[in-house]
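Following are the structures in question.
Across the two complexes that follow, chain A remains constant while its partner is chain B and subsequently chain C.
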Partner chain A sequence: MSAAPQKAKAGAEKIEVEVSAIVPLNDLVTRFEFTRRDGLPFPPFSAGAHTVVEMNDDGRTRLNPYSLMSDPADSSKYAISVRRDDEGRGGSLFMHRKVKVGDAMTITYPVNLFPLDLRGRKHVFLAGGIGITPFMAMIAHLERMGGAWELHYACRSEALGTYVDELTSRHPNKVHVYYDDKKQAIALEDLLDGQPLGTHVYVCGPQGMIQWVHKTAAAHGWPDENVHSEEFLAPQPGKPFEVRLCKSDIVIQVGEHESLLEAIERCGVEAPFLCRGGACGQCETDVVEADGEFIHRDHWLDDDEHASGKKIMPCVSRFVGKTLVLDR
Partner chain B sequence: MSKFQFPESIRSRPVYGTLEPRPGKAHLMIADAEGAEALLDLAAQDASIFRAAHIIYIPKATGETYVDRLKALEPAQFYVGPTYEASVQRIRRVLSDAHMGLQVYLTGTEGLMGQAQNEAMTAGIPHSAIQTEHRGSVARRMQCVHCKGITEDVMTDPFVCSHCGLNLFVRDHYSRRLAAFQGVRVDAEDPGNVPEPVELYK
Partner chain C sequence: MTIQFNEETFRDDYSFRNSDWAIKRFPFPFHEDSYMYSVNMEQHRGGPEGSVYEKRFDVDEHYVSEMRDRAIVLADDPLRCQSLPHMTLAGWDTLELIMVSKSEDYPDLFELHRDGNRWRWINKPMGIDHTFTFLDETTLPCGPLEYITRQAQGDYAVLDQRNDMLYMDAGMITTQADWSLDFDIGMDFFEWHAPVPLAHEMGIFKRALKFLLNIQQGAPARRLNWTMTVNPLLDTSPENYHKWGVQKTTLTPENIGSKQHLRVELQTFYRLPRSNALLFPIRCYLIAFQDIVSIPKWGRRLHRVIRDLPEELATYKGFIDNRPMMLDYLSQYDDGLPTSPGVWPDLDTEPPLQK
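What follows is the complex of A and B.
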């Protein structure tokens, strides 16, 4: 992939917001709505965009990306829906347990790594679980412009079918829901067959589902350009390691439960980022010297770049070994 | 030999590849003249795709040279047309009935590939997913930037616009939308001072 455009400042511009509503949707998912503290309208966003929410968790800064799922035409509020991950690193637990209505928070301007291709004649959405969120905004957008779409939404159970009622009552003929506990599954091959030329398919969900859709579509002769996906990776814990940042001339320690990018930021070094989930390419960093093994987890670098040992995406990737020197 | 290696040029100039069999539910193949050789080479790689293939072939000056050999590939449908213009209704109909999973293969002259690519793009296929392979004549489809008329099969530079009669310089500047290269008046500053026409790539 080509290099991402570099920005002068790390991350997107920020917006100071207040939590205006917290709406529990089921056992795992809660919607958080934000209004601007300065009273101005929110910047318009394109459906599929995400925002990075800054969380101050007892002095530890957490920055998690969430898809904006409110109506893109509504500039009075932004909304995200957060699935509680009890095994995760704590960002979603912080949102669920610590955030209260009226709290002041900071979020970033929207960034879209999962846009609709508006040249498409028809848009087929495939959602798995909380992967429904970007499609809420996309559906609102297409409904307004009269675009053709259909949604195939796989959920664990009726009780965990986030937004199922809202979607099926508003769009009974366009929304198809599949429940795992009833052994229902998206009949992907049948679904891909017979779609009109110019159809685009979008998938958001677990990694296995994304790979399944890309693979099946390719085997059915769909061009890559017509298959879109988004998966934010959460950084995984790993063995602590030491890194030398040669431009900043410091040696830093990356802890078990923090990402390399977070460790760089904690040590006061400004590093570029946008999605913090291995997708956008902003944090791409040159490796000056390495004696050890990289654990590459991003979707940005290609296989050759991963094998070269010359680049790393510090938001999700780690290192095990003796020496690592980065050009940062 | 029907292959010609175009010299490197500006970014606007189309670059053609080599046809390869790709997985798909249906295969639309549009070829003119020596483009038939590229289809025969494609069949040598994987003859099975022709079971679901629709070949639209415009022999131009090659006449019957390739027709029987193409027919022998046993495509699901085989159409031979006198000109591209005569075939375009059929191409549009095939594309309007087609579904995702259609693979498009274009081969032959630049004018044929450009115009057929345009039809496929209009039908909703991204241009980057359409395979092309140049074979045969290096003649160009040129648009006069002054009168907007299109002159087909231009073989010399400069050439005379078949619509307005201006003497036009052959540029590599290409329009995907028009499927034509741009021809610009060669003697605008000094009317009548027209260089001797030279055959393209000679």
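What follows is the complex of A and C.
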């Protein structure tokens, strides 16, 4: 035993995989299935977990988190479903356009920031669009364990209803689908009021939907700990800025289309991370000196911490101003 | 290697003994000549061959006797093993982790044959050969956590993780340093650590919680903790304090070398895959003072650590009254020579006692 404290590691443990299937589901969403290159079974995972997929995009490393949506009991493969984001930074475009069956890729061990509360007597799932993915694994798990659940799934249109057919044919009495283009909407207030004691609600979807569910549930007397959400933020582009990393003793430039975390990594400085989406807290970094304005975008720090200017989450947050010195 | 299992007791006549092999591989917890709390975590990924850190779940010469002692404790007090209803899946996770690890790490002692969910488990030292259905409780004689931890040395706390907090929601606790699962069940991380002095003020628990919440699948961690026990008692529980507490007054300058034991916990931390709970195995190792001082470096160092330990810690660890007698004994084995850094015995390089 060294008996010396260890610094947080960069990322979770890795698994070398091969792309075993690519299944287009509709105009926007494609499922990617992976098998292990060493032939061993995948580790079991808990429903709600994600994996970070490493992409080598012409020499540029992209690391994107995706919910594992395959059956957690199936150790022969892992699957993710990726929605193409034409306006995004390129990770989903890379997956859709460049990845081929048979490609070797690297993914991380499962990390769960959106677990089921196993005390729940009933689980109500609220999905918006691609937010359906973690619920696919949760449903498979609860079906096996005999848990009570229902799903309310809002999609833009029938054509973009990812997994709607599969879900409604398998679970006709538990799945409720709402199409935006038909002006259908989840009757959230009625839904919340009708639930038995011990019910937990889970929401995964666009930010507005998540806020709506939290707010409505709170207004209807739901305890916070019975309302769960997960939203991965993609880093947003912004004006380039300069940062001094005082422990590493270097000055780095953060480009318009890269995150602060990516710039730190590009310069060879190892920084801890897990989700890369502002949710897990691993990359939290102390600010030593700042003259300018922070653009905080994470869900990790609270409002006071954001206002204090003492901390930043480099995976999604940026800075505009003259000087920024970080303890990294 | 084949392990020769001791025939020994941890009560009544206290026939517990460490062999020379067990003494040399003892997890001595002090890496320098002084001790203070720290979040002294490191990855639990093997260690030097033959050391207690090498395997995921160390099996040693005390295995069979320790399991017999656990059965006695449970027969007297079944509440030493509890699992709240939502923790059954974590119990299966624990069973799987221990069975897979032991059968891979000790193939001559344990075998696991899996055909889908039909599992056959062979535990040779305990004479068990059992076929059951994974995730079907009706095919085991008791719950999965109790079943496997009746066959695994050390205590097991199973912590549910919810809302950025850990909860003591299940466990098998029979070899504990004076804490009670029945008292702590359902408590959160800060509640069950409330009695520990100094560490709260030092912010130790906030940092430790943050670390533990982020322990991920495939990346287990470990640390050591320690205290003192008079007589080689595994079960030093609050429930039985009336039986063992009084034994602390039986220490004399004549018997302290054989009666006074350093008690070290090898604590490991595993993220459980199916339940997302955190498994916290706490493995207890005991060693008599007379055996510690047979390693010159450890004799020198233990004297210095005990001498300089803050009063609050000696009180919390329950040996403040016996400290003067301990120091009288240990000072005979401290010649003032410097000690090498690190925890290892360094028998080949450290000089013998110079007095």
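Everything that follows uses one rule, which is that the second predicted complex is superposed on the first by the 320 of 328 C-alpha atoms of A that agree within 3 Å, B and C clash if a C-alpha of one lies under 4 Å from a C-alpha of the other, contacts with A are read in each partner's own complex, and residues count from 1 in each chain.
Basically, contacts are C-beta pairs under 8 Å (C-beta built on N, C-alpha and C of every residue); 3 or more make two chains touch, one makes a residue touch a chain.
Computed from a prediction, not measured in an experiment: that's the story for all the values here.
Novice: Would you check which partner chain A:K247 touches, where first means chain B only, second means chain C only, and both and neither mean what they say?
Specialist: Touch partners of A:K247: none, neither chain B nor chain C.
Novice: Does chain B (first) or chain C (second) touch A:M145, or do both, or does neither?
Specialist: Touch status of A:M145: second partner only.
Novice: Applying the document's definition of touching, compare chain B and chain C: which contacts more of chain A?
Specialist: C
Novice: Could you say whether A:E225 touches chain B, chain C, both of them, or neither, answering first, second, both or neither?
Specialist: both
Novice: Contacts for A:R156 in the overlay, against chain B (first) and chain C (second): which applies, first, second, both or neither?
Specialist: Neither partner.
Novice: State whether A:P72 touches chain B only (first), chain C only (second), both chains, or neither.
Specialist: So A:P72 only meets chain C here.
Novice: Identify the partner contact of A:S46: answer first if only chain B is touched, second if only chain C is, both if each is, neither if none is.
Specialist: In the superposition, A:S46 contacts chain C only.
Novice: Please work out whether A:L192 is in contact with chain B alone, chain C alone, both, or neither, and reply first, second, both or neither.
Specialist: First partner only.
Novice: Give me the intersection of chain A's contacts with chain B and its contacts with chain C, in residue numbers.
Specialist: 119, 224-225
Novice: Quick one: which bits of chain A touch chain C in the complex? Just the residue numbers, please.
Specialist: Spelled out, the residues of chain A in touch with chain C are 1-6, 8-9, 12-13, 43-46, 48-49, 72, 109-112, 115, 117-119, 145, 224-225, 274, 280-282.
Novice: For chain C, which residues are in contact with chain A within the complex?
Specialist: 27, 29, 31, 38-43, 47, 53, 85-87, 89, 96, 160-163, 210, 214, 216-219, 222-224, 273-276, 342-343
Novice: Note which residues of chain A are touching chain B in the complex, please.
Specialist: Answer in residue numbers: 119-121, 192-199, 218-226.
Novice: Which residues of chain B touch chain A once you look at their complex with the stated criterion?
Specialist: Touch residues, chain B against chain A: 22-25, 95, 98-103, 123-126, 128-129.
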